[in-house]
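The following pair of complexes shares a single chain, subunit A, combined with subunit B in the former and subunit C in the latter.
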Partner chain A sequence: MRRLVALLLLALAGPLAAQGNVPPAPYAYTQLADPAQEAAARELMHTLRCLQCQSQSIADSDAPIAGDMRHQVRARIAAGESPDEVRDWLISRYGDYISYEPQVSASTWPLFVVPAIILVLAVLLLLARVGRRRASGEGG
Partner chain B sequence: MRRLRIILWCMVAVAAALFALFYYQLNQPKNDFVTSAMVGQPLPQFALEPASADRPGLATADFKTGEPQLLNLFGSWCIPCRIEAPQLEALERQGARITGVALRDTPEDVAQFLELYGNPFTRIGRDDLSETQFALGASGVPETFVIDGAGRITYQHIGPIAPGDVPVILAELRKAGSGS
Partner chain C sequence: MIPEIGLAALWLAAALAVLQLLGGVLGARREGMELAAVARPAAVLQALLCTVAFLCLLYVFAVTDLSVKLVADNSHSMKPWIFKVSGAWGNHEGSMLLWITVMAMAGGLIAFVERRLPERTMLATLSAQAFVGLGFYAFLLLSSNPFQRLSPAPPEGNGLNPLLQDIGLAFHPPTLYVGYVGLSVAFSFAVGALLTRSVTPDFARVMRPWVLAAWIFLTLGITAGSYWAYYELGWGGWWFWDPVENASLMPWLAATALLHSVSVLAARDALRTWTIMLGVVAFSMSMIGTFLVRSGILTSVHAFAVDPERGSFILALLVLYIGGALVIFALRAATIAEGERFAVTSREGALVVNNIALSAILGIVLVGTLYPLLTEAFDIRVSVGPPYFNPVSAIFLVPMLLVLMVGPLLRWREDGFARIRWQVIALFAVTLGVLLGVWLVADIHLLPLIGLALAVGVGIASLLPLAGRSLRRTPLATWGMVVAHFGVAVALFGMASDSAFQQERLVAASVGDAVEVGPWQGRLDTVYPVAGPNWTAIQANLHLAYEGGAERRAAPQSRNFWAPVMETSEVALLTRWNGQLYVAVGNQAQDGRWQLRLWWKPFVTFIWYGGVLIALGGALSLVGRVTTDLRRRRRPEDDVDEAYPA
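Coming up: the complex of A and B.
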């Protein structure tokens, strides 16, 4: 068991050694001077997918590519772009996949429509039941 | 009563359809590749400093030669890039013009990589902050793009080039050459 854990840790450590010896991008780990801009950048980072470690946001990941993406986000926000502009720029490169913010599209519309249909049916069902009970209650 | 039953069956049908959708989507083979949305579009603007002493840097203008070229993203720190090196050499031997972009790299490391694994590149630009990678819509290294003679991206190969991919890429190069 201990050996297995050690092996797993080793496997996790391997990629770190393989990432080269170039220092991280200037804004990978450095906050912007303007707190409002930093807050906007940070909020955006939490909704952008890391390209290499695909289940993490770029705010959560320590991968060098996530650092470079954070640098892009902070540099562009500092240059006056809005978070939506930065998101749109990334989507124009990588498609919707890069963004965790759900977009209505040809493949995702059922996710938005089906719950609404279920809700409407549930309300209709409830009204029908309540109406019947009330009718029978008054009758008896 | 009848209306109630119809509504109930409607709900069952909707739920069943939803689960059928889940079942279908969960059974699709998982695809970890994030493809570039830039395929079919002109190359983004970039002008990169040389990544090694013996090859010039790389800029968008270098692709408007009338001849299709390959654009290979690599890094000396990237293990799969070593694995694909023989295939890049094979592509070069068969007439492909190959340009490179070295990601997050130092000139010393690039020089050592080229010495060890071969240098099929005509030009190599350095992309220290992965900016060109993002501009191309590439998600990692190695990746290889086919660029036609007008500087338009016509094909993206994600991951190391396996021996079996060489004919595919040569065919894409020919296609890019005849199209422009």
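Coming up: the complex of A and C.
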């Protein structure tokens, strides 16, 4: 009985699930045959943003666009492109937003300058401690 | 009727907060002592009233009272009972009521039990707590009323996001909120101590258990949230450096730094201003996190700009409270002496490194989270993700963990490396040995490699403080430190191991086909539909064996919810001591084969075991601290040594 109800419900839900069901591109859910190429593609996919989702990489998403992009990445890697070339191509097509790895540019330099400042500050703070300790003698 | 009772209770609680503020301020200024006596009872009563309001909200969700707008928008009569109730905080208004309730309960609790502080400091603390509370009451009552009615009531509700219909998420937000909002107590204590200039070791001992308690809940909340994302999102990721996650990580980083520095203040009367600063920063991070998550700014900066009511309200509160506290800090910090001096090679010295490193990581996470929002306002869209956060935070994390290996072995005030030379040499030799060993046999990336080596080093080092001690006489607080530090090593090991060694297999399989991933082999046996209370699903049944052992069944589902319509992945997890097999089923391809995704994740579970251990360490410390403190209050002359920080 339960099985029957499930089947009935499924039949009803079918049309909903079928909305826009274009079959996914070949490489969306298929790995590359060469393990080294697949590893490179996988690593790259983890650093690319799924444009349709909120804060997920294309390697972590069921969204159709993420599938299409996985296909693009795998196809290009299989064709012999380097991960950086693929990333550059995707950035040229979708903009900087697509890449989770910010490149140093006019609009992103604070992301790199601020940690450097924090690092300098941290070292200075520690050195100040050491210096004060030396100046105040053994008593501390 | 019930919703109106809830609303009335909230307005009354807000009125009591005004009374508490006035009484506290007058008392702290030594005027109007009659009103000052009101501050404590007002805080306690507020906690009760907010609890009543929250219970009212739980009730309307439990019975699916669709005449309440919030219920109609976020619930559905056919949801399982537990998710009806947990749906109460799965939305904006409900979660803000939860926030207020936790805050009122924390305030009520300190008013009820805390009698160790000078009364003036206590009154200043209570007025600070009331002042912060008032802002959030105003926010809730004026722009996010959870009890708003809907007339006519709709025949059915809109339902709850199916991703949130999960037992993990039923308990994750309350846990996290207790941590988040518990830090408000540290904030109020810090402001109270600043206003009355009483930053003393006694003050630190009073503040410490509250910080510890909030931190334990934060740790558990983050751990649970990470595990939820791992099994519910269906792709096996456990940390995404997503702004919502960062919003919970930032208060945790600040609270971790705070509970280490508050121990220095308690034990050695050093780092006074720094501890106060961290107290302010920790809750400020909670508020920034709430702003990020609740204002809608994350979905789109532009949508936020178009409908800014709620966002700008929280933003105004942020500026008021953080700005106000920083102004008080700037005015008063100079009048508070820095406290006792100490040598670089001392327990305090190591803890200063811990504090600087944690603050630096906090700064990086803050910049990496806020910067994309800033540029988006100028129509420049950038993404900051794992390739940025991982290496940049490692710059500080690695030295911090190296110091963590040595710090607990050092004595307070002043120590020399000569005393612990052999232990330190052995620890670094082991760490370096693991680094080289793994590097030789496995081709993995630098960060997981360093992570594995440090995990082993920290794991061994964390146990050394127990060496040569009678385990039964070791204070609970020391056990707490050992367990928590060991937990750090365990979690780090899990993270590094999963990043380095996980194996992925995406296959399209027909019924009867063999599948394999890593050491697991098996086949897809059947695929059939199943139905739940508010969903239907395709269930794949696989049998898999680890290295030719006994077969185990994995039955992942692809679920279709109908209110609201959404497809989710219900993964199957086969857990072994040395890792987890993660199986998800996707759609049926045109040729009739099923999409299967399998991951073998060696030691991935250690991430969450580690998180739980860290929280457990905190709990041991908390129990140890509170019991020693109670004993000391009974017998003041019996001053126990403060040998180990929390």
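Everything that follows uses one rule, which is that the second predicted complex is superposed on the first by the 114 of 140 C-alpha atoms of A that agree within 3 Å, B and C clash if a C-alpha of one lies under 4 Å from a C-alpha of the other, contacts with A are read in each partner's own complex, and residues count from 1 in each chain.
Rule of thumb we're sticking to: a residue touches a chain if its C-beta (ideal position, glycine included) is under 8 Å from a C-beta of that chain, and two chains touch if they have at least 3 such contacts.
Bear in mind that the values here come from a model prediction, so they are computed numbers and not experimental data.
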Which superposed partner A:54 touches (first subunit B, second subunit C, both, neither): both
First (subunit B), second (subunit C), both or neither touched by A:65: first
Comparing the two partners subunit B and subunit C, which touches a greater set of residues in subunit A: C
Contacts of A:31 with subunit B and subunit C, given as first, second, both or neither: second
Contacts of A:114 with subunit B and subunit C, given as first, second, both or neither: both
First (subunit B), second (subunit C), both or neither touched by A:128: first
First (subunit B), second (subunit C), both or neither touched by A:93: first
Where subunit A meets both subunit C and subunit B, residue numbers: 54, 95, 97-98, 110, 114, 118, 121-122, 125, 129, 132
List of subunit B residues in touch with subunit A within their complex: 3-4, 7-8, 10-11, 14-15, 17-18, 21, 32, 34-38, 75-79, 104-106, 109, 128-131, 133-137, 139-140
Interface residues, subunit A side, partner subunit B - complex: 18-22, 25, 51-52, 54, 64-65, 68-69, 71-72, 90-95, 97-98, 110, 114, 117-118, 121-122, 124-125, 128-129, 132
Subunit A contact footprint on subunit C (complex, rising order): 233-235, 237, 240, 242-244, 298-299, 341-344, 349, 352-353, 356-357, 360, 363-364, 367-368, 371, 375, 380-388, 392, 395-396, 413-414, 504-506, 508, 528-531, 536, 538, 560, 562, 565, 567, 569, 586-587, 589-590, 595, 597
Residue ranges of subunit A in contact with subunit C within the complex: 2-3, 5-7, 9-10, 13, 16-17, 23-24, 29-31, 42, 46-47, 49, 54-57, 59-62, 95-102, 107-108, 110-111, 114-115, 118-119, 121-122, 125-126, 129-130, 132-133, 136, 140
